[in-house]
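Letters are used for the chains, namely A, B and C, taken in the order the chains are written, and counting of residues starts over at 1 for each.
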Amino acid sequence: MKPGKLLPYIALIIGAVVMLFPFIWMLSTSLKAPMDIFNLNIIPESATLANYIEVLQESMFIRWFLNSVIIAVITTVSVIFFDTLVGYIIAKFTFFGRKFLFIVILSTLMVPVEMLIIPWYMMSSELGWTNTYWGILFPGLMTGFGVFLMKQFMEQIPEDLLNAARIDGMNEFSIFFKIAVPQVWPAISALGIFSFLSNWNAFLWPLIVTESSSLRTLPVGLSYFSSGEAESQWHLIMTGATISVIPLILVFILLQRHIIKGIVLTGMK
Amino acid sequence: MGEGYFPSPFFTIRGYIMEQLKSSQDYDREYDKKKEKVKQKAPFFYKLRKTHKYQKYFFIFISLLLPLIFYLGIRVMPTLFTFNMGFREWNLLATGERPFVGLDNFVALFQDEVFLKSLLNTFIYIVIGVAGQLLFGITVALLLHKINRFKGLFRVIYFIPYVTSIVAISWVFQWLFMGNGFINDVLINIGLPPQPFLGSPDQALYVIAAAMIWQSIGFQMVLFLAGLGNIPQMLYEAADIDGASPWQKFWNVTVPLLNPTIVFSAIIGMITFIQVSFTQVINMSSDGSGGPLDSTISVVVYIYQQAFQQYDMGMASAATVILFLFILGLTIFQMKVLTKKFDY
Amino acid sequence: MIKKWQLILLGIMVLFILSACSDEDGGNEAEGSEGSDGDITLEYWQYAFDSKVNLMDELIKEFEEENPGITVEQTTFPYDQYNEQVAAQVPAGNGPDVINLFYGWVPSYVDSGYLQPLPQDTFSHEEIENEFFPLVEATKLDGEYWTIPTAVRTLALFYNKDLFEEAGLDPNAPPETWDELQDYAVKLTKAEDNGRIEQSGLAWEPSQQGHHWLRDGLTYQAGGKVLSDDRKEVVWGEGSAGLEAFKYWLSFPGELGTSEQGFYTDDVTAFMSEKAAMNIDGSFRIGTLQSDAPDLNYAVAPLPAKDEKSTNASFWTNGITSDVEGEKLEAASKFIKFLTSEGVMEKWLDATGELPAKEAVAMQDKYVNHEIYGPFIESLPFANAHFFIDETKERDIVIDAANKVLLEEADPEEAFNEMVDSTQELYDEYWSDK
């Protein structure tokens, strides 16, 4: 290979080491016995799966895991559907209050979640949503993030393409699904990853709104391993964190194909 | 700056882009079809347009109905509720009334040195963090675009930090950066004095910002890969025909066409930093609350402390209003600057 | 294409409907269980700490058997988000009937009207003051006892016997005085040429137990005190004792160079990993050491003293929330009475390592002579529990004062006076509303 072609590889490998190093540290900690985690060796002296067994046996880990999957999947599907639609409408239609609507949706991101928890809880309690799946997931059903992302990408679709379809007699719903959506698959995949991840990792709200341990999501369940005043059980936290990363990496591997696919102008069959 | 240095290739390429777009095969075919149809159905044309208009508004109405209910009910109303509380006195643990106190909370905030410090810190986090994210995100995406082998593997590796639990990884960072940690070992081995890092009011902020960047590169990479995927390959081929250098191609094809992604990344990077600057600071600062000497405290940490440690919802809400205006201002500024620069 | 999307759409709708149904069911169930058969259900909250949660489950069973007609439901939340969880429930009108709080939080809870005083017919002041250690008075406000603990904890000196021997010190003769502690710390410290500490003589973490040690340990030992008897004045700066304690406290990371903040992330980790030879820590740590570092060869001794003996005490304590009334209030009192009974206190010590709050229970021979608990119990009669108005803020003020000296080379006396003044401001603010 020519040195010019080798250069990107070298840069990427150096970067990859920096990116992976803390992660590998975490992984190796999860394989150490509690006493050993304070040794600074990266390779555990005697690797053990005891932590994994403890996490799986002494908690409702499987249940928490399933809860997280259910919640992340439902919210992600909802976010992809609604945010793509709203982003498309804001990008491609002119109607009264369009810009205002966009600013309002975007500005919903500028308030820290910590401050919305009290009103959300008051509302949930009033409507009987506390301690239910619906209560956990309702704030994540749509996000200004997705609307913004999809608007940016939808704007790049040539107007003529849509008009041509209109003259063809396609109705607006088909135009959206058959013409606009295939143009922005990379962005939709990115949105899917983002949404899945943020709901998978959501902590504060799921913690506040649930009481029974069978409704806990993974991050909420794992937070019970670190009990503030007494020492946190780092070996279990690291183990839990490692297990909970795996599905996210799988989702990413599954979706990454779409991210790079790029625009294929085959919208009209 | 691209315009000033390379005017001619830019315009050539730009012209070529337009031509290419117009003559793209699919498009051509549809365009012809459309023309034909218009000719054939000329008498019905007006009717068609009319039904289209109704259909259009019907579509907009139906599509926006649920989202409007959601955003108003779940996001806007609670936000307005919080803003309202900014002008009231409210002890979170008390059940009594919440008297209106005008601007008292805001006056108290601006007299509080810690709050001002947190505002400044948040600004620094945003500037360093967003610049770092964008820079590394674009670089990684471009490098990945260049190579042919192991693409998927590298993508996964760079993405991993983004999906890793912040709490767990913050602890690892503490290990790496502590007095006897790995980073100091490296420094000593190459003959530099050990540094206090998280224990120093001058360095802690930057260590935390670096951890934030480390964690967010992966997502920026995904966004930019999506953005790069949107650039038709033929534009680069066209630029090659024009004899453009790689640098010219970058500035005149990649950057302008990546602009929507850059605008998005910069703004979203900033907005998400509001949340990130909470979790990272709480988990990485030496005392768990923005230390040492408040050198790493961010506005959200301040808000959190006011609300859930002092139970002073009034102050916390007022600080939220200020943070909101602060971020909104920065967003509008960014949108203006970034969109203008490449608005041809 | 369209079919796929319709399917997804359908899926979303089905899920919405499903989840909507499921919460209706949930809601009905919860309501049904409370009102149906005249039973009283008490909601009890404490923070999530395995040994306490498990013990409490057992105790609740026992209590329910003794008191048919009363059911107790235990709910736990992680320590870090405990206050937040409580706070979120108040505006919604929900929450526990009996709540377990850290004593330092009680004043803010009382101040906002969240708690009600313990009913005097069940908990007479006379009885409390006769039976319990005087430190429980830290939650006596406006002439009322608002909460009462099952157990208390004190600070003592943990030391690593192996490292003592390695440094040529007698592992059965721990330091007893201020000077000895300094001396030992220096001998137990190993530093590299570049000044990096390899092994710390004494772990020193102001954000953990360090600030308690300074306030309730060192200050009293030097003959001073932090608060006036009416709890209105911060008298820390009167006389020289306060400053002396402050300077002594700072000498470890300062001129002696035996300690470092954040050494191996925190004091407990450093001590467990044998990187720190001594640590000042509470009795609640014993359980963690047993489970996470079973091979650690350590012992415990009372805090090294100066003119007087003193140590810090702290406790988690039970209170009743303000809108509990009638039969429910009676049941809540009964439950707390049960939690503070002698039998429960003994079980509590065995299960959690926290010391009985009643003098007669704690001072039994089997506990005083206990190898590990002994030194903690021995310290109980002279233990102080500082009356906190705002635990977090007062902690932060101490940490800031230490950092100003250690990191910004401020004059210790100035930093100390500033610390006293800022603390006084907190108290002035608190009392101005009264």
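Note that in this section a residue touches a chain if its C-beta (ideal position, glycine included) is under 8 Å from a C-beta of that chain, and two chains touch if they have at least 3 such contacts.
Since the model is a prediction, treat every value here as computed from it, not as a measurement.
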Farthest from chain C by Cα centre, which chain is it? Let me know.
B
Top-ranked pair of chains - ranking by C-beta pairs in contact:
A-B
How many angstrom lie between the centres of chain A and chain B, each centre taken as the mean Cα position?
15
Determine the centre-to-centre distance between chain A and chain C, using the mean Cα coordinates as centres, and give it in whole Å.
37
Return the distance between the CA-based centres of chain B and chain C, expressed in whole Å.
40
Multi-chain contact residues (two or more partners), chain B:
92, 171, 175, 307-308
Of all residues in chain A, which are in touch with two or more distinct other chains?
118, 223, 226
Shared-contact residues (touching 2 or more other chains) in chain C:
84, 87, 91, 93, 264, 275
Touching chain C in the complex, chain A uses residues 34-35, 38-39, 74, 77-78, 81, 117-118, 121-122, 124-126, 128-135, 137, 174, 177-178, 182, 204, 207-208, 211, 223-224, 226-231, 233
Mind listing the chain A positions that touch chain B in their complex?
5, 8-9, 11-12, 15-16, 18-20, 22-23, 25-26, 29, 40, 82, 85-86, 89, 93, 95, 101, 104-116, 118-120, 123, 138-139, 141-142, 144-145, 148-149, 152-153, 155-156, 158, 160-161, 163-169, 171-173, 176, 186-187, 189-190, 193-194, 197, 201, 219, 222-223, 226, 234, 237-238, 240-242, 244-245, 248-249, 252-253, 256, 259-263, 265-268
Per the touch rule above, chain B residues touching chain C in the complex are 91-96, 171, 174-175, 178-180, 184, 188, 193-194, 198-201, 286-289, 291-294, 305, 307-311
Hey, which residues of chain B end up touching chain A in the complex?
21, 24-27, 30-31, 33-34, 37-38, 48, 52, 55-60, 63-64, 66-67, 70-71, 74-79, 81-82, 92, 140, 143-144, 146-147, 150-152, 154-169, 171-173, 175-176, 181-182, 214, 217-219, 222-223, 225-232, 260-261, 263-264, 267-268, 271-272, 274-275, 278, 300, 303-304, 307-308, 313, 316-317, 320, 323-324, 327-328, 331
Per the contact definition, I'd like the list of chain C residues that touch chain A in the complex.
1-2, 5, 8-9, 11-12, 15, 19-20, 22-24, 26-27, 30, 47-50, 75-81, 84-85, 87-89, 91-94, 264, 268-269, 272-273, 275, 284-285, 287-288, 291-295
